[in-house]
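Letters are used for the chains, namely A, B, C, D, E and F, taken in the order the chains are written, and counting of residues starts over at 1 for each.
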């Protein structure tokens, strides 16, 4: 078990439109990587994306998953994105504890 | 009276034509709950094909055209784009229980131009044998961009008034560049550049042209399905939008027809060109507009403006606007 | 004997024809482990294009056709669809170690119709110069729907017998509506409506028709690759399915040929129409059927029925069925 | 740290065919939103979806992620979906504790 | 609450190119199923995948989610994949505790 | 001197031709930051259409061709593919601060063949009225495969030298099979088989041929956008790659032109065929190569070799290589 190290996982769900801006924050606040999957969603701002064509792709949802070793960095990312975008733009964020191999990668 | 009769005639004959027929067909099967969907990648490719073809033909023609004759129509296009937004914003932001940002964004979409409506009008003019300058469709960006800009700037100023803070001023340049970079506009401009500076005649004749009508018929089908699918969203927002979405296309179109007529008298702008100018003004942006406005007026609710444009604006522009302006042209220019 | 010789001749000549050649080519490259894949969105678009084209032509023709002559073939189509399922279900549910639900679902798929097999037959008839009523392909839903329904209802009744509970009765209407809303059927019906009530002649001639054969060749390639890819899945299920999947297409087809002949004698149903009726009966649904059955018979394992249909049924129907029924027609109607 | 609140994350993996029915349950049982991504999977019911064309899209897998503040609601959603669908249809569900900002959104 | 059982969730993010090899390990080490979603990502090996066409699809990222009842199996999967692929190929792995219904499925 | 003048002339006229114009157009709009993208599924479908069409025509022609005349060009293709890699690897692995694996992979890509560059050359030859054996494009795999193989094997041997361990030896067969299974090669081979053993003439004439130029123009646009988009990645890697990517296409092409000339003298290989051989040698793989190398040389950084090939190699090959070799042919064979 000495193999595994605690790390913090952050999940950000935002409109694709602001994906790159959010990813920039993620990298600036010290994350070494991220994984992005596309999807559709629903929330306070209504339905996002659909199977039908014709919706500006910028409105579909991206799920950004970031793992950082340093809890403080995780909170910085979370709070920066939230304060900068979540007043005007749709989106949510949550954090979770996970176990990783090779702590140096995170 | 005559107009109405002519219009009725043209309208009925249009109903039979693929363009309108596929649009209505799309609305109907969507209303019947069909699961038919055209893949999104196909939709995006069709839009690209239509716009680059329009651009290619415009570009090839502009070579011969004397640019002077383009100036006045282009100027009118700008005026119409901005004018429609200013008036629309004035009205919508004063109506009861409408969010200001939603009003600006909606006015912006209806001031802007729908590439698909434009393409539909081009096909109808061909079928009716009404000629137009191949560069006329290239007036698109001259109306589209200023309209979107005007909406974003007005919204920015209003926001500043409300909660102070640093305004949108700074980003105007960014917004212009952004909208020029939009996939729709850049496909059109790319086509124009290729048509203007290179010899694409062969491939246009053998590939782009022959596919134009067919792809348009599929696009109309998609727009019809979309129109119905988004009605529900629209229903959720204030009914004023629906009202505005029915009236403004015709008002904008008729105003444009008037200015087009002036250009016809002054610089010999062709009857077909006048119709296209009217159709552009009467159309509401369905492709390039929404993302630009989403970025420029984040406070606005996309369901409101996209719904109004896609569910009501475009169908009205295609089904009523085009036949109306064609009938009007046949009357005015007695064709 | 003659039939066999004729069949052998037709078969060999068919092997050379693109339709069959691309199907076999697909099987072979898949068997060789090629990584070639046609994007799913392209596949779905091709299917849409073929079905709406079939519908458009049927619709345009039905205008002139006297509907009476359609009644008998339509009635036979319904009978064949239901009959195939009832018999298939009877057999499959009595065979050793077959899950009842799987049996009903498989019988349903083989009673239903494959749009791609139908399209392939249309092209072959064109090439062979055997005429058929353009409305004949429109018999598709008359056979497809009743077959799927019959399977779902039989399965529902059986389930009730087994574990009691509230039956499928209630949902029959829902099922009918659902399958009419399926993307395949609604593309066909949309095309028919457009052909019937509007004037799509121009765009059909300039766009939909010219692309038909080419798109079909690609679809055949895809079906060939799919057929091989799913063999492995099929292998996992009882071998009875493979046996059934080889025999039933021919049995169904011959029965349909017989009824078609009756219609020929009684109401002058064309030889080509008879072949198409046989091909439909001999085909097994690959597009519209599976989702309907998945929803209607959730207990059934898709690998079983889709595998049997895609891996064995369709290849048999295209590679053996079509040449056989064409040869038979040439013999019977001495063309 | 007062910023972050405990919440429950539910992940439902089901066939796309029943996506909308499952989402209806999710909303009825009180979730304020959800995020859906598409994928392929394998389980007791065999392989689901693939890169090859021709498979009815309804058979591909959707991963539905729902975050709710109220643990009881989470259990209601989980149990309702499981009891209504997981006898006949493929699918799995699991829950996890996460930390969120802006508890009112969940 | 007796309804819910502890289980271990493993998430593997790897290049699509090696997806099938990784999934083989997952199954061999005793997982009863998995869920795969596609996406794009960034890490030590740079950007993976994009919206632009023309990139060999094999280079896009797949997110493999596996839930196993047996923690030991989880560690076997994690360590086997890491030791076999993560020297040469891009990828990350992490584990997390989750609660599941129907423990027998995992 | 003459060559330069001829080249200048041909080059300028080429700039006007759709093929090159769309490529450059793509680079420009990407450079201007346009958001235009062609959906990936469309891109993959276009590549499939071009390759199967090339294959179909080659296959149909090979039937008549006397195979002997193919042997020498085929042999030269193999030699050119391997030779280019051996020399490239020798150079690149000796240059300062280049990772060995990256060097082998890059040499492999530049030894291999780009289907799109090949298709572009075919269209140019048509336009210039320079005939070539329809089987000439089928030399593609004879150059592509050996090149990729050579690179992987050399890298394997080098790795063994470095860190010992069991070498790549074992997998050579696997690698060959894998690359034959690649989507590009198998589309080409499938087309050839269909052309050789069946009668696809009708569908080729009515569908595949007419779409060829148009689809190619779109592919060129995509390649242009890609070229720019990947420049940034390339910038991150050692500049030697850029230098190599500019020089080697011309060196490889000229060497191939020489060998082609030999084949012309000895076995009457057509001037157009000589140009195509040169273009293949001068092109660098953009579709089939990268995945094969990724699997075969995992240690290499894709950004390095893909960037060099897509951003520099292909544009140089299409924009400079093709006009150069055509001008050269017109000079040498005084056409």
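Brief remarks follow.
Operating definition for what follows: contacts are C-beta pairs under 8 Å (C-beta built on N, C-alpha and C of every residue); 3 or more make two chains touch, one makes a residue touch a chain.
A quick note: this is a predicted structure, and the numbers were derived from the prediction, not measured.
Chains that count as touching both subunit B and subunit C, per the definition above, are F. Chain pairs A-B and B-F differ in how many C-beta pairs are in contact, and the one with more is B-F. For this pair, subunit A with subunit C, the centres built from the Cα atoms lie 47 Å apart. Separating the CA-averaged centres of subunit D and subunit E is a span of 18 Å. Under the contact definition stated at the top, the residues of subunit F that touch 2 or more other chains are 37-42, 44, 211. Contacts with at least two other chains are made by residues 37-38, 96 of subunit E. Under the contact rule defined at the top, the touching pairs of chains are A-B, A-D, A-E, B-C, B-F, C-D, C-F, D-E, E-F. Every residue of subunit B that touches subunit F in the complex is listed here, in rising order: 39-42, 44-45, 48, 177, 181-183, 186-187, 189-190, 193-194, 197-200, 202-203, 206-208, 211. Of all residues in subunit B, only 15-18, 21-22, 25, 28-29, 32-42, 210-211, 213-215, 217, 221 touch subunit C in the complex they form. Note for the complex: subunit D touches subunit E at residues 11, 13, 37-44, 61, 63, 75, 78-79, 82, 86, 92-96.
Interface residues of subunit E, counted against subunit F in their complex, comprise 17, 45-47, 50-59, 88-89.
Of all residues in subunit E, those touching subunit D in their complex are 1, 3-4, 7, 9, 23, 27, 32-38, 65, 67, 96-102, 105-106.
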